[in-house]
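Heads up, there are several structures right after this.
Across the two complexes that follow, chain A remains constant while its partner is chain B and subsequently chain C.
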Partner chain A sequence: MKISRRDLLVWSAGAAAGLIVTPVPWKLLDDTSIWSQNWPWIPQPVRGPIEVKQTSCTLCPKGCGMKVKMAAGWPVGVAGLGSHPISRGALCPLGFGVHQLNWHPQRLRFVRHGSQISSWNDAGAAFAKACNEGPVVVIEGYPGRAASSVLETFSQKQNGSYRVVLGSETRALEAYEAWSGVPTSSLAYDLESAKTIVSFGAPLLDGWGTPGQFTRLWAERAAGKTNPQLRLIQLEATLSRTAARAWQWTSIPVGSESGLAAGVARVLLEERLVAAHGPMPSLTLAEAAAQTGLSTEVLRDLARTIASQTPAVAIASDDNPAVAALNVVLGSVGARGGIVRRSKRTQHYISADAELPSARALLVDASVPWDFVPKTNAEVFRFAAWDGGSSKADWLLPSPGFLEETNDIPSTPTSAIETYAVSPALTKAPHEVQSAAQFLCSLDPTFTTAEKIIHSRCEELFRARIGALQAQERTPVAKFDSAQKIDEQLSKGAIWTGGPGIPGFKCVLKEWPSVNPSDSENSSTIWPAPVLPPLATKLYRESSLREASEMRNA
Partner chain B sequence: MKARYGMVIDLDRCTGCGSCMMACAAENNVPSLPQASARTGLTPMLVRRVSNGGEGTARREVFIPIMCMHCEHDTPCVKVCPQQAVEVDKATGIVMQMPQRCLGCRYCMTACPYHARYFNWWDPSWPTGMEKSLNPGVAVRMRGVVEKCNLCHARLHSAQAKAAAAGRREIDSADYVPACVESCPTAAIRFGNLADQNDPAAQEARSPEAFRLLARIGTEPKVYYKSKEAWVRALAESNSGPPSVIERAEAHNG
Partner chain C sequence: MSRTTLTFGFGLAMALLVGWVAFPRALYTQKQQPLEFRHKTHAEKSGVAECNECHAVREDGAFAGIPSMEKCATCHSERIGESKAEAVLVDNFIKPGHETPWLVYARQPANVWFSHAIHLKRAALACTECHSTYGESDQVRAYEVNRISGYSRDIWGHSISRLRRAPHEGMKMSDCEDCHARRNVEVGCLGCHE
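Let's turn to the complex of A and B:
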């Protein structure tokens, strides 16, 4: 039988049609979808024993309590630690991806000298030479740590200078130091006792202070309530996240915060809404209204609203003496629900924003935010875990990343409660890293290491017998029978807490600070790393949650 | 007793911080691919920002976390899937997505009225070494499949394993908390068994301030929202009136 071309085509079409009604193509499709899951290039999570460690975040000075899930020795997940007395189980959004940072493509893996890869030996030799030739200035971002003590001791030994880059929340407290004599580092907000909080552009619900501290308080006492126990009044140009959720939002032009504070203070004093605690501002109400774009009646209403539910405290987004003076008028300085003294420590820090003394070299710790570029001609040795580019540092030295070194966390900047926590090294760095304190100790073995200082601080806590260790339960320090046990508990994630803030210090304001209408508020939350966790970069890119201007580090 | 897991999100408490998005993505090993965009990326939990349309100080804004609503009735994605890759788990009420069965036809994405499903356009990848930071409890999904929120099903498995090890048949509710619920700094998301009338989440779902998105289409979502603001509650339905929250949010997102 002769098979024609037509027969072949008919047979082929019939076979194709018949095949469709058999399970074969569908089974093949199904199997292909299953096989294609298992290509060798698809990454697989690590396997190994899983344990959950409690610790505190060290990436910024706020020190939120964390539960870190570890698999085969690597951190694979992060959650908030509910027993932490300040952060109370909350973290900033970036905190949930912080365990990815150690693997970030911009992780600094080698010592860099200019644009060349160098070695720790060369860096050590260059630094030792610089130390022999002249003074060295040390700059850091989280004062009060054990590592800070090493840095400060070194700068004293070198006849150098020790400078600190403070966060905007701490800078907002600087004005009170001049009027009360209490060091900025000892001042804090007693938010738990406040009933009205007047925010002059401070991002209270968007990363200000320890994120959990205020957001938890706001959620319990204010969120969704028509007549809340805690009134949040937001005075800000735009409808920010905080303004969107505030009890009252008043829009004012950028830079008019000082004028508004003076106008409100004038009404408070003129109408005797508060006991007179300070001088009358020189700015008239009409001038304040002109600066802020609000009517004098709106200013009067605002002042009456603030005075109607006290204690009230005003919070600036950065250093703003007029807002600080408003707190003096409100009687909120040295009072419950206002500005209190966290501890009796008298440590005074010199800001790195002030003019730096001439020096042979400058050592910049990894805790200094990447944005900070020192104005100096000295040779700069900068420690960093991530390379943000354009550092203008002569030497870029890789330092430990997330949970790669033992660190301690002193009280968080805005909290009235004194705390102390230890964050042990839970994982290893994938390459050779050294913190600035380790580097200095390796150059001069006579220095006491940060680990030894942490232990001696535990001994001090044990001897003082003050406060308690907060883990799942609260145990008074007096019940511990050795400093070693305190050290062990702190290393397992317990947090030492002292007493509440101390009110009752005097603050004397002789004349109203000058009001400059061009004062510009700069409310940036400290994120010292030049990079964000890759997940944060992705989510900010793929959602409209953050504006492009907020993604400068992404 | 069969459970109906769901959640109630108090929008008056949501500050739009994005912690839930981050925690969800980290928990579920969502890759951060640089080539992904708002249209092509995976965001099983997506916080959207919507306004009342007012100007100046009359403007009000609210943040609405949107994820799979775990529809109870006539679940649209289940009905259209040719592969039975989506099913409503009868024991938990969770709408489950099985990537092993998914062919990537994306009918379910078209059918989902909440736009809560995402397609894997690329093989998952991470910067060198970052695979060590992946959650070992959740498998990495492959290219060519659809995925969505599964109420952190891996955490449910862990809770069940823990209960079984203790000789219990029922899980302890404290052992099963999805990542977004755990991460919320204002406790705006309440999770629980809606079938249990005594569960706080079930009680909140019955509050007069509670509402569901597009309730009129009758899919009975198990994700409820709550707000005291009437204009926020009005966003839930589009009908012939103002655009719905999904349409507004997408217009806002461009």
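Let's turn to the complex of A and C:
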């Protein structure tokens, strides 16, 4: 019998029909999808004893408290730490995926010089040569750490310059430094004592400050637990999440925040709703109304509402001198429920946004976000754990990732409560990494290492005998009998908390700052994330977090 | 019957035969456990009455899983029988201090966080609900591994079609979801996939 082409086709049709009613296609589909999840180059958590450790997140200066689930010594899960006095159990989407970042495809594994793979020895030699040839500018993003102290000491020794990239929330406090003399790094908002918060586009309920700080406060207010009179007035162009949940939302055009602040201040002063703490704005009420698109009556109502329940504080999404001046008029600067001084420290930082001095080399710490591109012709030595744009640096130096080095976390920016925490190295990097501080200490052994500085800071806490350590329970520092024990507790995830912010400093503003509507348009309101892991990217996008600010920047 | 019908039927029959008989056999390969072990003997001769006497949940809620060799050594520090399995246990594992590399039938993939403590204590589930009566068995069965996915056959369940399965058969995500739905227990994605 001859088998024809038609026979083969009919047989194939029969076989195909038969296969559909067998488990073959469905089982193969299932198995191949599982197979693709388990390719050998995909990192798999090690199996082993599970333990949970407390620590603080080091992705950004906010230092949220977190519980890290470790399997056989490797972090496999992260959750918020409810006992943390500032973050109070909340984490940002990136924080929830922080343990995955160490395995990110863009993780830096080798020293790179231009497009070539190089070595730490070559990088060290090139940096030492640059140091001998001229000054070095050091730029970092989380000032106040022990590692920062190493970087600052180095820049001083090199006759260089130490610059800091500040987050938008900290930049919003910069204006007060000029008027009060109190360094920006020591200033904070006393939100816990405020009764009216006027937000000029700051996403207070959408990740502003430390996640959990204001959201918990607002939730407790809603539940009637604390400060039930607290009002949040959101002045923003779009109905953001914060605007939707605020006590009052007033829509204003993008870039009109300065005009609105001036208009409100004028009404406050004209109607004597507040004691005159500041100068009269040059902008008339009619001009302010024209800028904001609101009627003069709405502006008057807004000012009366703000003044009806004090203490009131205005919060800008970025550096905005007019909003800062409104706080001066309200008498909120140096007062409870307003802008307070977190500590008596007087450390002043020069912003990296200012023009950089000419230098032979530029050392950029891993804490500096990738979107900060220094305008310089100097040779750039860029430390980073993840590659966010290697073309922006001459030397790309892999630094430790999450939980791969011991770090300390000074007080959270903008928070009135002074805190100190330590994030110990709980795991090892899968390849050779060095932080900028470690790199400098390896080049010059006379530098005090960050670990030793952390120990000395613990001794300072012990000697000062102020505040308490918050672990499972709160223990006053005065009850500790040695600095070593404080060190141990901090390394186990305890958080030192000092007292509340200190009011009572003077702020002198003689002239209303010039109102430039374009100032606000250039603001970047979010702390830029390093490199988002796939899960966090998905969560970040789908949760539409900070959607308002992103729309404004678009 | 026409030639076309016969040819079509032949193809259909071939496919059915391959799909239902040859494919399941080809898909799984068998591995032998490193040791002979008899749950029944341990229950009868050693008086081990409850599963958690060996498969304990630690104080922190973590599941200890298969008991360590230290636990076995409390009785088997020296040979207590003449069997070949006893010799292998004592000479190859207990005396050198090696843990037995058991092939775990119910091992879930690394992206799954399963808490025995919650299921045993909060939901009060019996071990047999997921593990059947394996605790009463008189021999260790062969470990069948899927050649493609690398998972134990117990995850899919013995029935290749997953039809007419016993309640304890299958440990796929859909099985977890079904059980949760039946008991009206809601768990989000992060409940199992941290």
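FYI, the second predicted complex is superposed on the first by the 474 of 554 C-alpha atoms of A that agree within 3 Å, B and C clash if a C-alpha of one lies under 4 Å from a C-alpha of the other, contacts with A are read in each partner's own complex, and residues count from 1 in each chain.
Heads up, the rule we're going with is that a residue touches a chain if its C-beta (ideal position, glycine included) is under 8 Å from a C-beta of that chain, and two chains touch if they have at least 3 such contacts.
Keep in mind it's a predicted model, so treat the numbers as computed, not measured.
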Discussion item. Looking at A:Asp31, would you say it contacts chain B, chain C, both, or neither? Reply first, second, both or neither.
Written reply: second
Worksheet item: What is the contact status of A:Glu133 with respect to chain B (first) and chain C (second): first, second, both, or neither?
Response: neither
Worksheet item: For chain A, which side has the bigger count of touched residues, chain B or chain C?
Response: B
Item to complete: Mind working out whether A:Gly212 is in touch with chain B, chain C, both or neither, as first, second, both or neither?
Response: first
Worksheet item: Between chain B (first) and chain C (second), which does A:Ala13 come into contact with in this model arrangement: first, second, both, or neither?
Response: second
Practice prompt. Once the structures are superposed on A, label A:Val21 by its partner contacts, choosing first (chain B), second (chain C), both or neither.
Written response: second
Practice prompt. With the two complexes superposed on chain A, say which partner A:Val76 touches: chain B (first), chain C (second), both, or neither.
Written response: both
Discussion item. If we overlay the two complexes on their shared chain A, which of chain B and chain C does A:Asp444 touch? Say first, second, both or neither.
Written reply: neither
Worksheet item: A:Asp122 contacts which: chain B (first), chain C (second), both, neither?
Response: neither
Discussion item. In the overlaid three-chain picture, which partner chain does A:Gln44 touch, first (chain B) or second (chain C), both, or neither?
Written reply: both
Worksheet item: Which chain A residues are contacted by chain C in one complex and by chain B in the other?
Response: 30, 34, 37, 44-45, 47, 50, 69, 76-78
Practice prompt. Going by the contact rule at the top, pick out the chain B residues touching chain A in the complex.
Written response: 10, 12-13, 15-19, 21-23, 25-27, 29-30, 32-33, 36-38, 41, 43, 46-49, 56-57, 59-63, 83, 99-104, 123-136, 138, 140-145, 179, 182-183, 185-188, 227-228, 249, 252-254
Discussion item. Help me check something: in the complex, which residues belonging to chain A touch chain B?
Written reply: 29-30, 33-34, 36-37, 39, 41-48, 50, 69, 71, 74-80, 89-97, 99-100, 102-105, 205-207, 211-212, 215-216, 218-219, 223-224, 226, 239, 241-242, 244-245, 249-251, 430, 533-546
Fill in: Residues of chain C defined as touching chain A within the complex
3-4, 7-16, 18-20, 23-24, 27, 62, 109-111, 113, 146, 148-151, 156, 160-162, 194
Worksheet item: Contact residues on chain A for chain C in the complex?
Response: 6-7, 10-19, 21-24, 27-28, 30-32, 34-35, 37-38, 44-45, 47, 49-50, 69, 76-78
